[in-house]
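In the two assemblies presented below, chain A is common to both, partnered first by chain B and then by chain C.
Presenting the complex of A and B:
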C-alpha cells in the first residue's frame, strides 16, 4: 500500500464528488419528473402515445447504460449537427461539455426506470379514493395532487431510494465519455505510478459511504410516510 | 320543482345493456330507498347521477341544473358534483389524511374556505355523526369500519349538498356495527335533506324511507310508499325478491 499516495490523492478524489452529485441530482430531477408523466400517460392509456412510451421504456430497460452513454456522446452531436445543416445552420457541437451528454443519457435511463416505479405505485392507490375526490367536486388535478400522488410517493419511496443509489454508482460510467467524476479522477491519479489498487479502494469506500448515507435518508423518509401506508398498500 | 330528475337513463358497458331507460323524479326532502337483486344496476344508477359513470343517453337534473348525458362538458360535471355527495360501500376515505382532514378537504380545495373556518365546520359535523375530539387526528386505517363510514357521511354532509347518494353504506360492516351507522343515516334523514339510499336493510327502509323503488334488469319495476311496496307489493318479482331477503336475514 502506498499510503503517501492515498493521502495525497484523497482530497483530489473528494473534490470530484460534486461532479458525481451534480450528474445524479440533475438526472434525478429531470428524469423522475419525466418518469412520473410517462407513468400518468401510460395509466391513462392515451392511445398512440402510451404505446410509444411503452416501447421507449422497454427499450431503455434493455440497453446497457454504457452503450447509452456512448450513443449520447457520439451519436447525439452528429445528429444535432446534421439537423442544424438541414435547417441551414452550422451548429458548433464541439463546445458542448461531455457532462451534458452524460446527463442526457442518465435522464433517459432514470425516466424509464422511475416510470415503472411510479406506475406500480399509482396502481397501488385504491381507485375508490379518486372517485370519492370526484364525488366532492374536486378536479382531476386537485385529486391527483392532494390525494393520489402523496400516497403513490409514499409507496414509491423505498424503490426510488434504491434507484437513486444505483444511479450514483451508474454515474461512474460517465468516465468512459471523459467526465472527471469520482472514478475517472481516481483512475487519472493512479496512472503515473500505477496505484490502481489504492485508487479502487478509495473509490469503493467513497461510494459505500454515499450509499449508506442515502439509504439512511430514504429510510427516514419512508418511516415518516408510514403512518398511512398501511392502507395505501393494502 | 323536483330536486332530482332523471329522464330516460340508458347505460351500457360494452355490449352489456345495464340501465334500460330509467325515469325518476324526487322531491325535496324525500328519502328514496332503492332495492333490487345483485346486478340490477342500482350502483350504476347512482353513479350516473354524479357522473362517476356517464350515462349514454338521457339527462340528469339536480336543483334545476340539467345536464344532457350525451353531450356534457367537464365544467357541467364539476358543477353537478358540487350539488351532490356520495357515501360509498367501502367508505373510500382519503388514506393520507386524518379524519378531520378528510372532512375539511372539499371545503378547502373546492369551496376555498380558509383552514380555520373549515376546521371549525368539520369538527361540528364530526360531532354530529358521533366522532368526538379524541378521534379527529386518527388516520382511517386506525378506525373501525363503523367510525370510518360515519366519517364518510360527515365528508358528504359538510358540502351541504342538495342530495346525498348512499350506495349500500352498511354492507361492508361487521354486523354489530351496522346499527350505529344506520342510526347516523336516520338522523341525517331527519334533517330534511334529500337522500337516495341503495340498501338491503328492509327494517331501515320501512322506518326511514318516504318512497321505495324496486329495480330489476336495469328498469324500475315498482315504486311507492314503504308500507305498500314492502308489505303489499303488486309485482310478482318484488314479492319474490322480498321473500328471499327476509328469509336470508332471518
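Presenting the complex of A and C:
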C-alpha cells in the first residue's frame, strides 16, 4: 500500500463528490417529477400518449445505462446543433459540458424507473379513498393532492430510496462520457504510478459511506411517513 | 444520423451475442451458488456468521459494479503479485464473470432469504409433526413454495445482471457493446450513434423476452398451487 499516495489523492477524490451529487440530485429532481407525470398519464389511460409512454418506459428500462449515456452523448450535440440551425443560430456544441449529456441520460432513466414505482404506489391506494374524497365535495385535483398522493408517496419511499442509491452508483458510468466525478478522478490519479488498488479502495469506501448515509436517510423518511400508510393499502 | 442504417448493424453485432450469453449464464449460476451460501449465513442463529453475511450483502449493494470491476481487474493482480501470485494468465472474461457473480450474489441472497421467510412457519412445524427431518422438509415442503415466491425477483435479478454485462467492454471483452465499439472505431466513429442505438435495441428486445419468460414461468409454476405465504 502506498500510503503517501492515498493521503495525497484522498482530498482530490473527495473534491469530486459534489460532481457525483450534482448529477444524482439533478437527475432525481427532474426525473422523478417526469416519472410522476408519466405515472399519472398512464393511470388516466389517455389514449395515444399512454401507449407512447409505455414504450418509452419499457425501452429505458431495457437498455443498459452505459448505452443510454453513449446515445445521449453522441445524439444530443447533433440535436442541439440542428435545433440551433432551425432557429437561425449556429450553436457551438463543443462548449456544452459533458455533464449535461450525462444528466440527460440519467433523467430519462430515472423518469422511467420512478414512473413504475409511482404507478404501483398509486395503485396501492384504495379506490374508496377517491370516492370518499369526492363525497365530501373535493375536486379531482384536490383529492389527488390532499388524499391520494401523500399516501402513495409514503408507499413509494422505500423503493425510491433504493432507486436513488442505485442512481448514485450509476453516476460512476458517467466516467465513460468524460465527466470527472469520483470514479474518473480516482482513475486519473491512479494512472501515473499505477496505484489502482489504493485508488479503488478509497473510491469503494466513499461509495459505501454514501450508500449507508442515504439508506439511513430513506429509512428515517419511511418511518416518519408510516402514519400515512396502513389505511391506504387495501 | 441515418436511422435507416440501424438494422444493418444487427448481424455484425449478433456475432458477439454468444459472449454476452456466456457471461450472463455463468454469472447467474455462480451468483446463485454464492447467494445460497450467503443466505444460509444470514439466516444463521450464530450472530457472528449472520453479521458477516449481512455485511457482505450491504457491501455488495453499496459498491458500483464498475468500481468492483476495477478493483478485481486492476487492483487484485497488483495485490496478488506482491504476495507472489501471478494472475496474468486469467482471461478478461473471467474477471467480468467474477464481478457480476459477486455483485449479483447479494441480490440473490436477499431474494432467497426473503422467500424462505415468506413461507409460513407452520409449514415446517407440520412437516416435523409428520416425522420429516429438516432436510426432507426443506426439499419437499419449503423449497417448492419458496421457489414460487422467488420467481419474479429471480427474473428481475437476472434482467438487471444481463444489462450489467454491457460493462464487459470496460476490461476489453468483445461482448455486444464491445463489438459495437469495435465497429464504430473501425469507421472512425462516423456511425457510432447508429451502432449504439442498435446495441440498445438488442438489449431491449432481450429484456422484453426475459420479462415474458419470467411471467410465463411464474404462471406455469404457481398454477394450481396454493400460496403459503406468512401473513
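The rule is short, and it goes like this: the second predicted complex is superposed on the first by the 228 of 234 C-alpha atoms of A that agree within 3 Å, B and C clash if a C-alpha of one lies under 4 Å from a C-alpha of the other, contacts with A are read in each partner's own complex, and residues count from 1 in each chain.
What we mean here is this: contacts are C-beta pairs under 8 Å (C-beta built on N, C-alpha and C of every residue); 3 or more make two chains touch, one makes a residue touch a chain.
Just so it is clear, the structure is predicted and the values come from calculations on it, not from any experiment.
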Chain B versus chain C as contact partner of A:138, first or second or both or neither: first
Chain B versus chain C as contact partner of A:128, first or second or both or neither: first
Contacts of A:147 with chain B and chain C, given as first, second, both or neither: first
Partner chain(s) touched by A:17 [first = chain B, second = chain C, both, neither]: neither
Most chain A residues touched (candidates chain B, chain C): C
Partner chain(s) touched by A:59 [first = chain B, second = chain C, both, neither]: second
Contacts of A:169 with chain B and chain C, given as first, second, both or neither: second
Touching partner for A:197 - first (chain B), second (chain C), both, neither: second
Chain A residues touching chain B - in the complex, by the definition given at the top: 125-126, 128-129, 131-139, 142, 146-147, 150-151, 154, 227-228, 230-232
Residues of chain B that touch chain A when the two form their complex: 50, 52, 78, 81-82, 84-86, 88, 90, 92-97, 105-106, 109-110, 139-141, 155-156, 159
Touch list for chain C against partner chain A, complex: 1, 58-59, 61-67, 70-71, 74-76, 78-79, 163-164, 166-167, 170, 177, 192-193, 196-197, 199-200, 203-208
List of chain A residues in touch with chain C within their complex: 58-59, 61-68, 70-71, 74-75, 78, 165, 169-170, 172-173, 175-176, 183, 187, 190, 194, 196-197, 200-201, 203-204, 207-208, 210-212
